[in-house]
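Both of the next two complexes hold subunit A, though its partner changes from subunit B to subunit C.
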Partner chain A sequence: MSGAETSVRPASTALPEPAPDPVVEVADLEVDFAVRGAIGHAVRGVSFQIRSGEAVGLVGESGSGKTVTALSLLRLLPDRTTRVRARSLRVAGVDVLGASAASLARLRGGAAGVVFQDPLRALTPTRRVGSQIVEVIERHSGRSRTQARLEAVELLSRVGIPDARNRARDYPHQFSGGQRQRILLATAVASHPRLLIADEPTTALDVTTQSQILDLLLDLQQDLKMAVLLISHDLGVIARVCDRVLVMYGGRLVETGSTSDVFRAPGHPYTAGLLRSIPRLDRPGAVTSAIPGEAVDGFTQVVGCAFVPRCSLAAPVCTECPELEDVTPGHQAACWRSELVT
Partner chain B sequence: MTVPLAPEYRGTVSVVRDFVTRTRERHRPGTPSQRVIVGALIVLVLISVTASLWAPYPASAQSGASLAPPSWAHPFGTDELGEDIFVRFIYGIRLSLLVAASTAVVAGVVGAAIGMAAGYVGGLVDSVMMRGVDFMLAFPTLVIAMTIVAIVGPSTATPVLATIVVSIPLFARVARASTLVERQKEYVLAARALGASSVRIMVRQILPAIMPVLRVQAAIAGALAVQLEASLSFLGMGVRPPTPSLGAMLNTARQYLSQSWSYGVFPGLGLFLIIMLLLMLANSMSDDGDAPLAKTG
Partner chain C sequence: MRRYLLSRVAGGIGTLAGGSVVAFFVFHLLPGNPAEIIAGTHASAAQVAAIQREFALNQSLVAEFVGWWEHVLQGNLGVSVVSNVPVSHLLAQTLPVTLTLIGASTVVALAFTLVLSLGGLRKGSVLDRIALGWSVVGLSIPTFWLGILAILLFAIHWGWLPAGGYISPYSSPLAGLKSLALPAITFGIYMSAIFTQFLRRSFLDVMREDFVRTARARGLREWQVVARHASKPAMIPFVTVVGIAVSTSLGFAMVVETVFAYPGFGSLFVQAITTRDYYVVQAGIMVIVAAVVVANILVDVAYLFLDPRIRYGREG
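== the complex of A and B ==
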């Protein structure tokens, strides 16, 4: 499951009838954080939308701000040390920045589920997995305990846990890594959310298991007609699952577009570099190359395009910050020289 | 299963076998040494709680000569009023165990709640609560306990109240420190991402995780409470005579050391036994490491 040799999912066929409003609507999201007196900028102005039923990938290196972006969608960042600002930040119709604690709690796990990277650390180690799912169902759908228990067992077998009725009474450490990620998926979709945020859901798993979990994720998405925001640094994973992709670098979006457009003809040198850094089975002679230099972090002062120090196309014009502009309709890149990118 | 069985019985056999293995796994918590220590404490509790049923003499009534040495009729001898020291010793142990248990439970619940709230909420709540805790920890426990006795006035409940109040900061400190570690973990974030409230996370995610530490602290606090109650009673600020207390017995025995060796020795041994058992329990539990995971296996 590594590498872009996996066929790119056709973007046009996957969309169901368009929903009235986007599930996620982000405009000019900025996230600052304080570490020992210093102020860092994790996200420096990001705007995007996710329509219902759509699978969107968020790609970028470690520290590019992708997890912070995802966590701020549900305001899961620690209040004391971070500041989240946006012109608009709406998830499933809820104004996240203005919402009360109660409506945030209803949103979290209700209309929006989250799956984290490390499935052992994300399940409560001291509680039986069944009761963890039951809790979510009870809280968000108001079912009785008995009804919720039945649903939890159903859900466990739905995500592929054999002997679900008995296994529901086991603790997280009694499951394998893949099974734990299945259980985590079950808790995230227990209340039939409109949006599923998956933060590197397959990174901690071996390749075969990765593939199975992605199949399950796609399956659940079609079944429940969820929108999915999939965060990954693995372009192969993104290509397989997502209709559309957002590429982040240095806290900004540098490229967006349908997965096939972006992967076939990247409009930003960073995206092109990412694609070149993957070994390809379909082009045996092609040279794999890493992107030179180091990624910017939140403390770097950035003037103009953040990618300049690592960019082979850098020119004087790049000292001004480029905005996202159409490369082709529906495919945008934030680069002055995107027509030169190969 | 080597014996061939009719198909209709196989289900039953596997259910029974399952039941046997499960009960075997589940009903023997703790290490062998913990089971011995807890067993000894349970025996002490049973003996002392049922004392009124089998004790040959009442706790406070003359039953023999004054300051008699140990004999078959009076295994630990008699005190200056001719009361049986063994019976008073048993009742004294009952009081010490009551003090230990109520302190461990009440101070444990209150202290853990304070510590978890301070650690989880943080900020101003944390500062205010922890300065209060620091203030109490800055004074010797005996001084605080004596102040409480002076305010409330001596009664059977007063030393219990005093030991509870004095022990709360111990639990609060430990609970706060463990909560700070636990709340960083991803499953707490995951629970929040699924809409769990702060109170719910504290009770269902954090409390089970810090329980092993709190259990150790409970055993230590129990031992300290026994010692503190004995000190108060020794100073005449504990339970009122004639209610038997090991500390008060030691105090009286001090005046008769030259006449009766047994009067002082046995109450002292009683205190030693209870405190040692509780501290051994604390010690063995703190060796468990990640107890909740190890135990559920």
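== the complex of A and C ==
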């Protein structure tokens, strides 16, 4: 983690105990899915690691494969329509692809918690929010129901729900969007996981609430010394939370490095394009994508660099597929012409 | 929540009032006047006049309607023209029989449905395919044909069960259940086809919801995910379908009871129509409307249990 000292995020400079073993270890992850007879490729060979306590961002346009990558980590994709393969896929020491149903269930919600994008739909509408936290604690911490209830109330007030003791008995629809995302965070961290996967946790929220939720996320991360995989198409969000960033395009990683390195001197034209399209606070919603052209989807046949049709730097060499290579130590890009990227 | 229930009850009373207008005027819409209809085609003018006097049919329509309601509210539904028995007695005799039949059929239908719909949890599983086939085939078999087939096989060919008639299962359980078996299964099969189709769809939809994925991501086992997170949301649309099916089942009771010579409300109503038994038809229509209203209110009450969004209003 060479870029940690100069990270955009100052707090990470003093991680208390840098546990060396990776929490996440992914090598050559490929995910195919079947849709009406056709085979699509959502993820086409992705490798990365996340170390204990590290916050890693996964960024890319819609359809680039971020969610599919994250869901693969816990094998949460529908079995019947998807095929997940990898040379290695380990989360918190568990071999995810070889794991039994029981050890997979222990991993999910135990060593790894997940928060999904839409808090309106990610909480069960017919179940009290307290019970949705209690079931995680009971399942993974082996506490008695009474003890779990106490912890759930504590956790609710920890994530900023006022009057937690009473509100624990309420149903999701009785909370605002921001509060629901707080509750969802509480359910995800209830078992003190080593890894928190957050898939666009703030996208559905207004700007002020977004910022509060990110603060809470950072706070929890430091408190619980969790590793975080934060998915977002908003580089601003990534910059605020993450030590390191993974940039995804067309089911592949096209750039990785410390947030500060990647933001200061991107090594891939796609990243540079994303950086230019960061939504601006003074003109909310003004920019969706400043990169011209259409993104690659799972059914696109890709030969060579997938970015060719949209790249202003494209050259004959780009018909060969570029691999991730060092731009500077610890900062890699998959582009033949990364030195020309501005 | 109280407002919700009050509005449902008020709606039900409105429906009943509307239904009563239909029940009352149905004979007035037919060509000829009610007295002639009751008397039949071969009656003399004197007979018609006598009937008109007897049933007070010679007043204005409105006066007649008001008079009828006064009687209804006093529990007096008139007297059967055909059998001379008070209509309330006829209903008291036949409704329990039919309600028993509908209850038994619903139990049969729900049992079938629950087993088959577990297939809905895994799209494409064997059980799911059976459920899908079932909901298509079961719906397209005419109930009367199925009933006759059941009689031919189970009653006549094998002689296991009585071909028809009714023995109260409350006084003699074994014989009663035997007399109930064929009609209840025939009826239940039809209902279960409808139920299965909806419950399967409903479960398939819910199992794709974000909150089901969240529940799985909490490490819950699949049965816990279904029991704690998916079952209530999946039941919400299903309850509506059960309500509709049960409330319209009086109509199907006519077919089933006719096929199995069952002395229930359905048979009574069919007979009343063919014999132009004025007051019985009127009361029958009211009973059918009341059944719809009651079933709807029960469905609304079930929502209260299933859906906290109704129980506790919108924002908190």
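The rule is short, and it goes like this: the second predicted complex is superposed on the first by the 317 of 342 C-alpha atoms of A that agree within 3 Å, B and C clash if a C-alpha of one lies under 4 Å from a C-alpha of the other, contacts with A are read in each partner's own complex, and residues count from 1 in each chain.
Note that in this section contacts are C-beta pairs under 8 Å (C-beta built on N, C-alpha and C of every residue); 3 or more make two chains touch, one makes a residue touch a chain.
For clarity, every value in this text was computed on a predicted model and none was experimentally measured.
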| item | value |
| --- | --- |
| Subunit C versus subunit B on the shared subunit A, clash or fit after superposition | clash |
| Partner chain in contact with A:74 - subunit B first, subunit C second, else both or neither | both |
| Touching partner for A:110 - first (subunit B), second (subunit C), both, neither | both |
| Which of subunit B and subunit C A:187 touches, first, second, both or neither | both |
| Partner chain in contact with A:122 - subunit B first, subunit C second, else both or neither | both |
| A:136 touches, of subunit B and subunit C: first, second, both or neither? | both |
| First (subunit B), second (subunit C), both or neither touched by A:175 | second |
| Among 44-52, 98-106 or 278-286 on subunit C, the segment whose C-alpha atoms clash with subunit B after superposition | 98-106 |
| Touching both subunit B and subunit C, residues of subunit A | 74, 76, 80, 105-110, 113-114, 116, 118, 121-127, 135-136, 139-140, 171, 173-174, 184, 187 |
| Contact set on subunit B toward subunit A in their complex | 122-123, 185-187, 189-197, 204-205, 208-209, 211, 292-293, 296-297 |
| Residue ranges of subunit C touching subunit A (in the complex, touch as defined) | 122-124, 209-211, 213-221, 224, 228-229, 232-233, 306-309, 312, 314-316 |
| Subunit A residues touching subunit B - in the complex, by the definition given at the top | 74, 76, 80, 105-110, 113-114, 116, 118, 121-127, 135-136, 139-140, 171, 173-174, 184, 187-188 |
| Footprint of subunit C on subunit A - complex, ascending | 74, 76, 80, 101, 105-110, 113-114, 116, 118, 121-127, 135-136, 139-140, 170-171, 173-176, 184, 187 |
